[in-house]
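Shared between the two complexes below is chain A, which has chain B as its partner in the first and chain C in the second.
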Partner chain A sequence: MKFTIQRETLLKPLQQVVGVVERRQTLPILGNVLLNTTKKSLKLTATDLEVELQAHATVTITETGDITLPARKLLDICRTLPEAADIDISIKNERAQIRSGKSRFTLATMPADEFPVVEKIKSGRKLAVAQNDLRALIDRTAFSMAQQDVRYYLNGLMLEADNGTLRGVATDGHRLALCEFSLDTGDTTEQQVIVPRKGVQELHRLLEDDDAEVQVEIGSNHIRITTSALRFTSKLIDGRFPDYHRVIPKGADKSLVINREMLRQALTRTSILSNEKYRGIRLDISKNNLKIQAHNPEQEEAVEEIEVAFEHEPLLIGFNVTYLLDVLGAIQSPEVEVLLSDANSSALIHAPGMNECRYVVMPMRL
Partner chain B sequence: MPSASHCFSPDDPEGTGHCPVVWPRAIILVDMNAFFASIEQRDRPEWRGRPLAITNGRQGTCIITCSYEARAYGIKTGMRLKKARALCPELIQCPARPERYAATSAAIMEGLQDVTPDIEVFSVDEAFLDVTHCQRLLGTPLRMARLAKRKVFEASGVLCSAGVSGDKTTAKFAAKLHKPDGLTVIPPWEAAARLREVPVTELCGIAEGIGGFLAQHGVRTCGEVRHLPISVLARRFGNPGRRIWYMCQGRDPEKLQCEVPAPKSIGHGKVVPPATRDRELLLTYLLHMSEKVGTRLRRHGLQAATFFIGLRTAGGWVGGKLRCALPADDGREIMALCRRVMDEIWTGQGVHQVQVTALDPVPGGNQLELFDVLDEEQREVNAVMDEINRRYGEFALAPARLLGRSSMPNVIAPAWKPYGHRQTI
Partner chain C sequence: MSTMVNYPGDPYPWLGTHWGRLTAAFGQGRFPHALLITGQPGLGKAAFAHELARFLMCEAPAEGVAACGKCTGCTLFEAGNHPDFFSVSPEEDSSAIKVDQIRALSDRLAMSRHGGGFKVAILDPAEAMNINAANSLLKTLEEPTDNTVLVLVSANPGRLPATVRSRCQQVRIPVPERGVAVAWLKKQVDAEQPEICLSLANGAPLLALDLARGNAIEERARHFQSLVGIIQGRQDPLALAASWSKDEDLTGLRWLREWLMDLLRIRLTGHVRGIHGVDLAEGLQALARQLDCKVMFGQLDKVNRAIQMAGSGINRQLMTEDILLAWAAGTS
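== the complex of A and B ==
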């Protein structure tokens, strides 16, 4: 294998795939990046056996071949070479020669056929969605995923295609985020998969904020998303996601409407004096008035009052302030509506009049 | 210090008069003398004045503590009974009665509340009293130390030694100068001079580790520490290192820890018959420990998600840290983890000891769950069981399997406290 490539042409795809390479691997080859070449292109692949990333670069290849190289070392060399430098890469006697100007590096290689690649996805179902829709879906839900929960099926994002809708649901057992958008497809089969946490985070990093179309392929064990420059493949979590319909409150009818930014700022200030570990705050809601209170074990106290639209019996309810702030960060509208029933029942939060994104937060006992 | 000697001047040797000098800080350490043995001698007049050793039940062979009469023979805490008998054939062996000691300790701590509310229960038989703010009300620190000694005796009939100074370390050092029934006052302005020639390792909290480090720097006595830059200690030991520098000059800045800090773990273990391979017997022991841990978590409103379940074998601990789905305080849920250890990790080795520990317990039940997996009925059953057992004694109501539990008596831990999560035996 032999080719010459400009630094920037190699750096971008390399940076995109290296994110998935673990710093300490169990299998040495997982620290390497796979290089496949055809006459006109270079394909880079990295994997941690759960998430696989593949990126392309267009470059003239003098002599084709396949090889794997130490991913981080290659990236660091590439990164530290001067801008617009030309890089010559060639393989000789199982060693890679990298030359650029007066710099010369020799890297160890491992054979390409030992690199684990997911080629075909079993029983794939294909959907076409806009890149920014998918990105927004992750943006608005991923924060509610559990982290290292024993209930392993919560450590990911549930994606559901259902009656012409693509829906994402994430929950850690205390709060839940749901976001959906409609698909331009006649396919109405129901399908539900769980994408692991790391895959969701990598995918979010790679998706760009434009409406270019991406292909989503959902198989029984994998999900694959292909953009013009990238191919993302993730294993799926083999488990049953809890019945989220059941926990979206139906009877919450006490509506509280409030300016989102005002509430966010008041909560941020109040949270300074909430218990650092449990993050509890109390909301004292009365006619058109919301009082937010927090105190910590040192008996320091924060109180905020905000004017709100609320026309029901007074209500006193406690929440983990982090859960509320996360929701307010995910909602875009200038106002939010909080639907409550009583101090022990969940609250439903959404943008007034919009149901695409819904958030459920369980209260804390006061 | 011009007025220093005034409190203890020949005109007022008792220090009973109103002290013109208010100490900037005044700390008393009360240390019960041979506590467990003193309680036994109080309860059994025929044992008074005789050598007495406390052991864990009749089976125990290790001396937990002994009376001053026994100490005169050279018998010490931790000594094997056999060796002690060789030193003193007429030694009386007395099985420990932890409930009795705990009750006496609680009564003493209660009595000390009459002196000051600022009390740190340092161990089952030691307490620090911060009397800084009581000086105008109750008189000199010396007078308050006498009051404390009297309160201890009234509450328990047991004698104690007291040390009085301006900081915790010097007060503790003072208390051990005169035992038993001693009372030593080191006014704060004399503390540095009194500690000057004392080896650093005599102070509470400085053992071989720190002592060795100081020795490497040519420091053996408290007085020499002052010549060592404080940064040397800070670099090696951080803030505790800085504290040592002040401690050695009689200026220990440490405040009293009046509240029992949240526990880092709550656990119970028990020694089982040597090399037990009987699965059913081990399960009974594990259930016993699981129920104890569960009861104790519930009593303090705590829950834990991670538990250490261990079986000690000749080859070390078998088991490990296991997690349950949600933080738990129910013995049955803990027992489910124990069963996993028995089924998946234990391979039939002989077991010497079992241990069940709740790791990082947190105040539970505040955050409500979206997916209610908690069995509401089990929670009510536990509440009723706890109430019955509080009135009729531990395990008055318990899973049937525990009818066959070990009868080895409970042991009182040195870290026992009369309130909070450590109030257990």
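== the complex of A and C ==
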């Protein structure tokens, strides 16, 4: 393998993929970045076995070949070379020669075929979506994912494609977030996968806030998202996601409509005096009035009253205030509607008149 | 051996039947999700487990009985980089498999597989799991994700909790027939006394090979002569204790224990048939005549206790001196 590349052309894709290389690897080769070349292009791939990133650069390759090189060392060399420098890379006797001006480096290599790269996504469904749609879906659901739960299938975001909708659901067993948007595709194959927490976070990092189209491939073992600059591949969680339909309350008909920002501020203030561990608050709802109460083991107390739209029998119900605040942070509309049935049933929260995003929060017994 | 199945490369002919049985089960789609491979040390259990992993991760097993060695799965496995292969053993500075190692394994097994083969985890030696580790493995062991095989390797399955044992299908590797083992040994090494090495290794071929390759027989003779030397007053017991106690494995004491048992056997039965130390039969027989049974029983107890306590930070040199002084006194 042999080619000459300008520093900036190599640096940008290299920086994009090196993020997934862990500082301490279980396998030595995971500290390396894979270089694949064709006549006109260079592909760079890095992985930590859970998430794989691939970026590419357009460059004329004198002699094609594939090899892996120590990722961080290569990055540090490129970064510290002078701007706009030309870098010559060639492989000789299992060693990589890197030359630029009067600098010369020799790097150890490992063979490309020993690098665990995900080639093709098996039995995949392909869709095209706007990247800000996908980003919003993660924004509005990912906070509900479980963290290191023994129910390993909860430690991720469930993505489901069916009947022209793409839906994301996350739950930790106490609360649930669901968000969906419609796809303009004729493909109605149903497919459900769970993307692990780390993959979700990494994906969110690299999606940008514009409506450029990205390709999504959902397979049985991997999910792959291809943007113009990057190819992101994540493993999936090998499990069955719980039947979330049964968690969304059907009989909740007591509607409470309230200004979102006002409620958020009142809850934030009240939460100061809630039990630091359990974060419980009490909602005392009567005709057009909401009283929020919290007290802690030191017998300190906080009370807030807000005017709301509520036309039902009075109701007293407790919640974990963190869960409510998370939901209010994820909803965008000026008002929110909380649907309740009784003190022992979950609340359904959404923006009034909009059903794309729904949140379920279980009550607390106080 | 008539029903020989070509265990890849056939390094250990006595494993062929087991290999055949497991690959046949694989062909019929009823491969167990958890295996417990048991048998005394030196039979090739670990190599067998490894070969099994290679086979299960191969994307196109040749004739359904051996890994092809060419596909992506095989290449990655060969390089030690297969993302679907997990090997769990005690960490460097520890003798136990800890709960965090098992939790990490369960987390990684919960992820979808990388390639087209199985996810395989080998736990060797499985009995090294401490109680917390074993308990945290139970859930994974009972209901692993699809296409997952857990292979537990243990020379002491009795030390595993019953809850772990009952969740695995056990594969017992027996001691091979003597003829097979001797023939194999002769092929491996130009040893003068393969039969003696095999006897010393309790019939385990790999252990016998280690003995034959190292100069174990001469070492044994040297140790034995030193002991005889103490009795004859030619050897200083304290000097010998100083040299023996340098060895962390307590080889000298372990051999002394074995010889004490042999000496007692000879004393009680009157002949050398059935003794363990066949390489030293003559010397043992001569020595047995000079020793008193009761004293030997006392010394055997002492050596057993010493070996048991050895791991507990006891001063090895003092302990060895105590035993060798008793040895010198017991015969005069």
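The rule we apply is simple: the second predicted complex is superposed on the first by the 287 of 366 C-alpha atoms of A that agree within 3 Å, B and C clash if a C-alpha of one lies under 4 Å from a C-alpha of the other, contacts with A are read in each partner's own complex, and residues count from 1 in each chain.
Keep this in mind: a contact is a pair of C-beta atoms (placed from the backbone, for glycine too) under 8 Å apart; a residue touches a chain by one contact, two chains touch by 3 or more.
Everything quoted here is computed from the prediction, not taken from an experiment.
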item	value
Clash or fit, chain B versus chain C on superposed chain A	clash
Which of chain B and chain C A:N344 touches, first, second, both or neither	first
First, second, both or neither for A:V150, with chain B first and chain C second	both
Partner chain(s) touched by A:P249 [first = chain B, second = chain C, both, neither]	neither
Touched partner set for A:G124, first chain B, second chain C, both or neither	neither
Which superposed partner A:G19 touches (first chain B, second chain C, both, neither)	neither
Of the stretches 37-45, 271-279, 325-333 or 343-351 belonging to chain B, the one that collides with chain C	343-351
Interface residues of chain A shared between complexes with chain B and chain C	150
List of chain C residues in touch with chain A within their complex	72, 75-76, 79-83, 106-107, 109-114, 116, 139, 145-146
Interfacial residue positions of chain B with respect to chain A in the complex	305, 323-326, 362-363, 365-371
Residue ranges of chain A in contact with chain C within the complex	27, 29, 49-50, 111, 113-116, 118-119, 122, 150, 152-153, 196, 220-222, 235-239
Touching residues on chain A, where the partner in the complex is chain B	149-151, 171, 173-176, 242, 247, 277-278, 280, 318, 320, 344, 346, 360, 362-365
